[in-house]
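All chains are identified by letter, namely A, B, C and D, in their written order; residue positions are counted from 1 within each chain.
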Amino acid sequence: MEVTLLLETTENAFRVLEQAREHATGLLDTAVQFTAEETRFREEKRGQILFTGAQRRRTQFQNFVGTTIILFAFWMLLSGKFDAFHLTLGAICCALVAYLFHDLLFANVRVGDMRVVAARFIAYIPWLIQQILLANIHVVSLVVRRRMPIDPRVVKFKTKLETDISCVTLANSITLTPGTITMDIKDGVFYVHAVSQKVADELNAGDMEDRVAHIFMEADHLYVEDVLDAARIYQTLRV
Amino acid sequence: MTEFFLIIGIGMCVLVLLCLYRATYGPTILNRAAGISAIGTKTLIILLLMGVVYDRIDMFIDISMVYALLNFLGTVVLSKYLERSGEA
Amino acid sequence: MIRESDDVIVKAVARLLMPFIVVYALYVVMHGHYSPGGGFQGGVILAASFVLLGVSHGLGKTRRRMSEKVAGVISSIGVLIYGGIGALCLILGGNYLHYGKLSKLLHVTPAEARSLGILGVEIGVALAVMAVMCTVFFAIFTVGESPEDDRSVE
Amino acid sequence: MPVKDIIVILFMLGGLFLFSTATLGLLRLPDFYTRLHATGKGDTLAALWSLIGLAVYHGFSLTSAKIIFIAVFMFLAQPTATHAISRAAFRCGVQPWTCELAVLLDEDTVE
């Protein structure tokens, strides 16, 4: 009697275990599918997934035409001869180059917001020039003193910027503003060489990253990860 | 104005000589590369000044454009090579 | 073998500058008889642009636009254009590279024929120089690895 | 002396001054990264000012448009070159100079 009960209980337990395993497998499959979906979505958002068929050809054609127009304007700026022969030559050359390099100039561009981005970028330039003037005053004040008041350090922060153009804008702005140089970018982490603690603190406030994110309409400055000394950062990089 | 541009050009040449110290005696090859890049920027301006002085700026501007391009390219290719080789 | 670099900045800047550099090189080639430059210089700038692409984006993307085989063919075509124009002048009864004689063939005045002939020769020189420089670049940067090995790995 | 010439002279002298400070920084500063601070910022603005001076001297023409194009190119290329070379140094393991460098070096030798 008791043995039968025991057997039944064991059977029940095994059944429950089996159900749990099936359930877990199902969950795992869903999770895997979900991850794949998310990855695909992210890649699609970055414009890395290729369109198929007619849409892809249309995008290529649009890129080709846009590149040709920009290059032809550049050709006319260079050439300065506006007779028919030279213009034809230029058109042929630009079309050839645009055919070869149509995927370079307009990669990673999100459609539809170009005008806003251009307007905001132009509005960003005066602020940048003011920062560059400050940077040069800083360099002059560093160089002419007899004992230079420097205390260099390496600052590390994580960025939320996604496209490469916004990363380039941020990095070049950092290089041009007072006392900081972008040394490396690794998986969205900026390693910045700052000339003193004050400059590093100003950078960590995230003002510039917010401005760049505003230009390219992306997420804002998220958090400051850490301020480390050079030796420790160097070790993390080497490992 | 020609005299003024000549004086500026001579000043630039003196600065190039000063940069040449870093390009020659710089402790590592990276220091030398930085010095050479600085010399390249100054040479670009000197070429344009020469164009103004000789009154042939339409010719010299093409040369200085090539110079700016090759200066950038040389620095980038050299740094990529050093990065790959892993020693500086 | 150069793989694609993970340097975001140099990659993006190279991608933005690349078409402009090539157009500038073509301008140097085409305007060789009014301004400094000409076939050789333009060809070198063209090759330099391919070097920039190869260093920043890796050899794979560069090979899609200019592979070793294509470079070899283009260098021969460049020499053929140069020699062909010269020989055409010989056939038409002038000296080697005596462009004035091309006027009969092109139905233009001798001065214009001279200009067009120089343009053709410069295009030939630029193609040959670019292809040879690209071949040298590929040979240096793929030490001991042929493209066929690479393809079999993929 | 016309106003245009005065503007040109001011810009060119400013450019020369910035070039000289950048060179002084290149010679005086203690290590590689700080030297890049001097050339990366100083040379960019100095070249910009000199090019603007030359463009103003030539007035409104195709030549000055080309000069402005060179200025834009420098603005894009100079920080990129600075970044590329400092990245090469960083990846190769060139240690930045710090005020506590002597202390750090001592710790290393103890380990």
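Note that in this section contacts are C-beta pairs under 8 Å (C-beta built on N, C-alpha and C of every residue); 3 or more make two chains touch, one makes a residue touch a chain.
No experiment lies behind these values; they were computed from the predicted model shown.
> Count the touching C-beta pairs: is A-C or A-D ahead?
A-D
> State, to the nearest whole Å, the distance from the C-alpha centre of chain A to the C-alpha centre of chain B.
That gives a centre separation of 31 Å.
> Taking each chain's centre as the mean position of its Cα atoms, how many Å separate chain A from chain D?
Comparing mean C-alpha positions, chain D is 25 Å from chain A.
> In whole angstrom, how far does the Cα centroid of chain B sit from the Cα centroid of chain D?
Centres of chain B and chain D (C-alpha means) sit 11 Å apart.
> Where in chain C do residues touch two or more other chains at once?
Residues 7, 9-10, 13, 16, 24.
> What parts of chain B, by residue number, touch at least two of the other chains?
Touching at least two other chains: 58, 65, 69, 76, 80.
> Which residues does chain D have that touch at least 2 chains other than itself?
As it turns out, chain D has residues touching two or more other chains at 22, 36, 66, 69, 73, 76-77, 80, 83-84, 87, 89, 91, 93.
> Make each chain a node and each touching pair an edge, then name the shape: line, ring, star, complete, other.
Contact map by chain: other.
> On the basis of the stated criterion, which chains touch which? Give every pair.
A-C, A-D, B-C, B-D, C-D
> If we count contacts the way the header does, which residues on chain C are in touch with chain B in the complex?
Residues of chain C touching chain B: 2, 5, 10, 14, 21, 24, 28, 35-37, 41, 45, 48, 51-52, 55-56.
> Would you pull the chain A residues touching chain D in the complex into a rising list?
77-78, 80, 132-133, 135-136, 139-140, 142-144, 148, 150-154, 168, 171-172, 175-176, 178-179, 181-184, 191, 193, 195, 229-231, 234, 237-238
> For chain B, which residues are in contact with chain C within the complex?
58-59, 62-63, 65-66, 69-70, 73, 76-77, 80, 84
> What part of chain D is in contact with chain B in the complex they form?
Contact set of chain D toward chain B: 5, 8-9, 12-13, 15-16, 19-20, 22-23, 26-27, 32, 35-36, 39, 43, 46-47, 50-51, 54, 57-58, 63, 66-67, 69-70, 73-74, 77-78, 80-81, 84-85, 87-89, 91-94.
> Show me the residue ranges of chain D that touch chain C in the complex, using the header's touch definition.
Answer in residue numbers: 73, 76-77, 80, 83-84, 87.
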